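Consider the two complexes below, in which subunit A is the common component and subunit B and subunit C are the respective partners.
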Partner chain A sequence: MSETKKPAGYYLRERFMPHLWCAGCGHGTVLNGLVRSVDELGLKKREIVMVSGIGCSARMAGYLDFHTLHTLHGRALAFATGVKLSRPELKIICPLGDGDALAIGGNHFIHAARRNIDITVLILNNRIYGMTGGQYSPLSGCGIDATTAPYSSIDEAFDAVRLATASGATFVARTTTFHVHQMQQILTQAIQHKGFSVVEVLSQCPTHFGRKNGGLEAVDMLKGYQQNTAPVGSKKLENSPDLIPVGVFVDEERAEYCDRYQGVIDRAQGGAAARTAPVGQGGAAAQGGAP
Partner chain B sequence: MSNATAGSPASGTTPASGPATTGTTPASGPATTGTTGRTLCVPGNEACAEGALYAGVGFFAGYPITPSSEIAEIMSRRLPERGNRFIQMEDEISSLCAIVGASLTGSKVMTATSGPGFSLMQEALGYGIMAEIPLVIVDVMRGGPSTGMPTQGSQGDVNQVRWGTHGDHSIIALTASTNQTLFETTVRAFNLAETYRTPVVVLYDEMLGHLRERLSIPEPGELPLVERLRTGVPEGVDYHPYLIRDDGRLPMSDFGGVHRYNVTGLYHDMWGFPSTDPHTVDDLAHHIYDKIELRADELAQAQEFYMEDAEIVFISYGSPARTAHQVVHQARMNGQRLGLLELQTIWPFPARMVRDACRKARATIVVEMNMGQMYYHIRNAVENPRSVFLSNRVDGRFITPKDLRRVLRIVEGQGE
Partner chain C sequence: MGTKVSKSKNLIDSILINREWCKRCGICVAFCPKDVFEEDEEGTVSVPRPEDCIYCELCERLCPDLAITLVPKSQPETQTAGDAS
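Entry: the complex of A and B
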């Protein structure tokens, strides 16, 4: 782990502690990794806007000393799009729950990815609805016990990495709260990446997921992350394809949305350069707006 | 501000030529819309868009829906010309959310929609009320419920605007009956949104939205513009985003600026941090309600035509007011003492203005394109509710002078 220059407390609103997360919850580990990444990148607190939805994960916003916007369940990316497009120089980070991001917020998620707008999304995937008391989520998958799946869930799960990739995200990664060093590295890369970046972090919920599924405690769940994952592209994964791949899946450059919009402004204002510039359209990095 | 204006026989035959109702104090900044000072012949939706541009809208997010789409189309062309931004979102939910985000960065923001889209916006509208975000939302009303009649007018969303989002709250909603007043109403909507840190709805029917008529765009400075009140708290000193000043206002600080704070749709304290403390909750609940409801008289705006000695009073708003105006004007030629109170502020309900207008009248006829959504509020406001009648149409057609004269005859006991 790279050295932090400032104490973590510098980034926190300690006035609002203690936090509301349960003992053993993984969300605090993600907050820790995020703060260290921000510090490593040397970002100023006033350059960052954290936009969250509703859920346990969303409460992260309140504890961080950035500009923070705690919004509606599922809608964080829609609010974030408005902030980013009107002030493109700001860094936007969105910590979302799995239900928040991919159930009620699924449509906003795929469209923000499609636009490749420069927003960093953290999906804190605890495979359960934590805030509302343990109902199943679109990332629970089959065979999970939840308060709304007393006979075990029959819904297939999304693969958040493949969904983000197919939707057009230009940085896509998965990590876990066990892999704290990798998590911090990935978060740093994701925040640095210009474009829509998605980091799925498997984050344990002993209270609601663990208790209902074999009485797993936080430590058991962390061990599970250690044992059931393998680095993407590794021999280990090749030999055991049932393991959950972790690491960076996509890291590519494509014209970013706010940059493209600058091209719209240039064309609307009728600059000579603007009139001859190609109109941006899907894919190719060379096309789209002026930088 | 009540700007009721007495009608006189000289004041033209349609409300279009009626007197302007906005104040005359000078604008706080020049408006550069490229059209200022010109006279155009445009549909109502364009008048609304021009009003927004004059007011200084800097961000628009929307999703296409008849009969409001022209507003988004105009914004997509005009905003980037001024270096501002437009985005077509994936739905109306995200459209309203996006303008909240943009407003927090310091822009004047707007979205436009119609019934089905307005229904989708209700949750985020409540967020705007709770977090006290200046927003302008245009609802061009079409027939409902559901997909209803996309291309026909209605005034069916009047009560939805008031109570569509859950929980106790208040809201400002304005309307107009001509392109000129719609332009001014839209400017006023931005001014009120900034003054009271609240969403303001501009509500008008499809007939007006698509009615092409004259619009004179004022010169910059002719209409007053309210700019955002920003905090004077310097960097390094605690800024409380939800600490109410003695005058009831809450100065803002732009995201990206020197003050970092939390914004939430949960009940919150002066820091913007979630709270369930009963005093904090009670104070905030009253604040978001009272800041509008206690100013109902101040916010009430209407035009009066021949009201001085009217024995029978029409109360109307939006395009049906045009019909009522014509009937009143012609009746006056025949010596009949009819008058018209045309409401331009719908919410908060201008109860005192309505009560005063009806006090001396033998009968009051409410003219609207719905099942009596204003009628019931008017009955509640007047001293003699049994003297209030409803003349309405819900078939998507314009209310005609003949429709009104028929009701008049019945009220007068003359039969059809």
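Entry: the complex of A and C
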């Protein structure tokens, strides 16, 4: 923690509080953890751009006193890519719902990961479309009741961690709104990471997911996160492989997209010699070019 | 204004609950390991046992409405980085 811990209100637009999320909604706990991470990193408000799509999760952008863009459902990463390419020195954070990130926004997600552009994505996974009243999402999974699956869903869920990993994200983690200390640590690592970082946060929607699936309330759902998870690489997980692994799955370095793009600009501006140099090999000198 | 202040004798000075932001979800009441909170039939939270707080920060971090502030006791000024071997 930074020594001069700022009050939670410092990064908030307090004039919009109390926020509109329901009582017990996990999205508020993610906001809580994010404020702590940003404080820990000592980031200035003007160094961060939050870009969100549409959904309950996307409303986070309204409550934070950063540069904020509240854009279109599923398209946050398209806007975020534009912002990052034009101002690569800024930190970009995208809070996405599971539908926003992996249903309508799924294609943007895999390609942003493939490019390894320096953006931090938070997938606030409540396994349902909260804002529109409880339709099932690609993360609901089999046996889940939703307004669009009154006899329960028969669709397998994506594993967001494996999808992000396979797509090329260079930092991939999962945590929950119960694991609040771990959440801060992981968010801090993700924001610091240079490259595409994905943090899936299991976040309860008591209003739609809970009500339709056994009348679960926020406290029950948090207890579920406590009981049904185990740290990645732990004995506990080895003994009970059905538990949901939490922790950091991928943390590696790979060339970042804005840096590569700068290489394109340099080659374009560097004249014919630079243009003919094969990418990744150091131009004329590396090709043994004598004067 | 709308903020309930409770005094603690030990690690923390007080536990503040912002009543204008609290939505009475009961998370703090359910998860405090020392049971410092209490809710009435309407779900209004109070802090009858602040002196039991061990400053684990669980309530402050779990609260989805950022409505809880733990105010730690200020460190005595005589305590400096301990190299007085």
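Criterion: the second predicted complex is superposed on the first by the 267 of 291 C-alpha atoms of A that agree within 3 Å, B and C clash if a C-alpha of one lies under 4 Å from a C-alpha of the other, contacts with A are read in each partner's own complex, and residues count from 1 in each chain.
Going forward, a residue touches a chain if its C-beta (ideal position, glycine included) is under 8 Å from a C-beta of that chain, and two chains touch if they have at least 3 such contacts.
Bear in mind that the values here come from a model prediction, so they are computed numbers and not experimental data.
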Partner chain in contact with A:233 - subunit B first, subunit C second, else both or neither: neither
Which superposed partner A:133 touches (first subunit B, second subunit C, both, neither): neither
Touching residues (chain side subunit B, partner subunit A) in the complex: 58-59, 61, 77, 80-81, 83, 85, 87, 89-91, 93-95, 97-105, 107, 109, 123-124, 127, 255-258, 260-266, 271, 273-274
Parts of subunit A lying in touch with subunit C, wherever the complex brings them together: 7-9, 12, 17-19, 21-29, 31-33, 35-36, 177-178, 180-181, 183-184, 217-219, 222
Interfacial residue positions of subunit A with respect to subunit B in the complex: 13, 15-16, 45-47, 49, 51, 61-62, 65-72, 75, 77-87, 89-90, 107-108, 111, 261, 264-265, 267-269
Residues of subunit C touching subunit A in the complex: 20-21, 23-27, 30-31, 57-58, 61-67, 69
